[in-house]
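We call the chains A, B, C and D, going by the order they appear; numbering starts again at 1 in every chain.
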């Protein structure tokens, strides 16, 4: 097991090349947000935009279009019930983030199945929140893509079958191999399981223990993986940065809100990019 | 009678334990906000979120979903007309705040009655604004729960039958005993009546005399009682902090807006937590 | 003619009495905002809230409810097409501001006529924007109330019949007497015509020359007149403060946006209150 | 070819005359924003407002009214499907900006054709984004007006028929002559083709490579051309200022969001106005 350090940021956040355009920094599709949990996909989208992904489209319930645009005109929106549009937008993405606030009803399942059947092997697919629960509950077959799972401990129990108290590195590694993806197991000290190793994230604060924190992380993983070529490093850097920013804010705040973390991203990434 | 001091903050706002997650900090359900008074439940919700409650769900008229999410994607939303959902969300809450902007029509009454029949003895129920008026006007039986009332003087008159000029500690204490809850009687120097004693809040400023101030306090009481174990201290600390922040802001402002107070909460709670 | 000075602020913005509540600071009803010009009534409302009026209700097209609440949960909203509600809210107000973004179609006229027939002699009625045009075009009889008109030069031409080049103090004073109200004639140096005198506002900057500036002033006049007892002084102080804040902002800005002025109000009023 | 310098700002951003009003600073109509790409027209509108244009109206899909007003009550809105209103608002504008988020379907085309048939020779028409694609795809005849095109390299390929690798100054100049307008060819170092010369913009940063940056520039071109008399200088100054602000922000940010650029405009224009 390795403990992450600030070095993962310098290894990952490249200096942007002069001759580049928005296409250079990837396309992120964020899929989620039913009428009740719309805030989750809004927070994930804000995180992707503020981390610098080139183009960001949110596929969600139309009930969430206006609130999302009120906060973030930088994102494009589309109705995730429109299967044709969902397919064409997912197919064009560098990274797809599915799950934040998606819910677990029949509509949610249909959306998830469309995403799964559409993604191709070279695309990155981040499976978060309700999408993890649906995979577990409905025993869905995972698509052939570059998979990243971002469960908290209860979602990991559902997906892996390992009860929370049994979630040791040995057990988790075994299931990760079957899943054939990267697993970000969120807890007060998050661990990341990759094909290479197990990584411990040393950053993080109990001030982060509030709703929406995971949605923000999922969006950051989306934004980082869309622009930085090394998938494993991109995931590790997103996890490290997310909690490192929270640590900074917690120096003066009792609770850190998810949306506050995103707004620090442009500055934090500037200060920790490759030299 | 005791006069509160800053000590109530240090006695209440615990240092967050390292190994904790959002479930550690409670679930708050905020129930209110008809089409006309939607702002009230938005302000109450913001106060609960910024005070650090773990999970916050707003049960309101769907007309308020978009404006609430535009300001605060951290909150979940649900339609308070959906009795089944109202019951299941209320039943899962640590603290329920009912009343801000609820209104007093037949729909409002139906919502309140569902809340009353759903809460159980271990849950905290904060009864505010229109809910107090409805209890008084409709002579509703109070549920068996850990009750907190947050009336202003006119609402207290309606609920207690004591006219404003007769609202002495002796009279108020007598009615409080019948109500079997904590009473926060809001005025330019708020008094709090508990089973133990009467507390005078020394903080507060006329710069706070503007619409929405009470909604903010109700939300803070929700957020504090959901995360801090001692109910009485949690209420006292919320009342003290609310006006103490207003006092700070009034040093440079002629009027203090409710939403300004909430945004100071994370910093203020950091600076006044247990040592 | 007198030239206003900072002294008008100290004479008007009283130190808030300790023992006061939101009722002490008046009720403002803001009536306007059709679907196209909704921003105007939003800006007027923000100005009333930030100037410290106790309770603020916006009567507007329901199309504007969500955007208004997204910015300003402190305001209550109601549909201005609901004649009964319009009457009851107007009747309860200290000051009614009618006109920002109201439009000039048949619906707008119906709303204005309801306001006119509802206000009573002790109430303050600020007639702005489209409402001035409607009074002129439809030759409406003015209600018996404490009237304040806030026309720009073209609106004043319509209302008074005096062409812009002929708008001398002598001519304007004559029409003001017929109108029996206070006239705030907005231009790059606004003049205020009262029963006592003509006042010149020395503050103001061309950086203010942008849409919405007048709506903001109308809302400030609403907020000031609702809380400060002397009507004439309240109007004069609002006009002076509005441009004085713009002057401050223009020291570093090429253009000053209306919403920026409002957000400075609590600090500005604090710094210029009675001593 | 000339390389632009800060001097273009001082030559263009005039000191505002004391005796002026909002009419002095022009009317901008911004036409675009279908349901999916509504954010684009919102960003363009914000840029026009923050650059100081006197009056700004956004003609867009009604789905975007609330989100636009939530961010920016200073703008007026109208439905671009209402042909009569579209005509009358376009006819009254100093500058029309058409294209941001307009889309390319039949509705989009109908809107664009109405704009083209309505504008007159003295009006400035900025053709951006989807409008450029529509002109190219549908071989639309260009109207007789003062035209400004703001394509990125792929849009320019569509419009001019010159493939990206062949986009030399000689080729571009030739097509510009046929188009009889100013061409702003956006890339990491934007070039501007006018009847007089070719200008190279030396400002700009890869931190700008994110969705919405072009919409912001189109809105700034709208705002500058509406208030500054020399069309060519107004376009050049807008291009220079847009990237110069981004350069300033990129000193501390890894990515610069479009909305951040706009909010710096009033200060930046103040600091670089004529002396």
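Some points to look at:
As a working rule, a residue touches a chain if its C-beta (ideal position, glycine included) is under 8 Å from a C-beta of that chain, and two chains touch if they have at least 3 such contacts.
These numbers were taken from a predicted model, which means no experiment stands behind them.
For chain C, the chain whose average C-alpha position is most distant is A.
Taken over every residue number at the interface, the positions common to chain B and chain C amount to under half, indicating a different-residue contact. Spacing of chain B relative to chain D, judged by their CA centroids, is 48 angstrom. Here the CA centre of chain A is 34 Å from the CA centre of chain B.
Those residues of chain B in touch with two or more other chains are numbered 66-67, 70. By the touch criterion given at the top, residues 35-40, 42-43, 46, 63-64, 66-67, 70-71, 152, 187-188, 205-207, 209-213, 250, 252-259 of chain B touch chain C in their complex. Residues 13, 16-22, 24-25, 49-56, 65-67, 69-70, 72-78, 265-270, 273 of chain A touch chain D in their complex.
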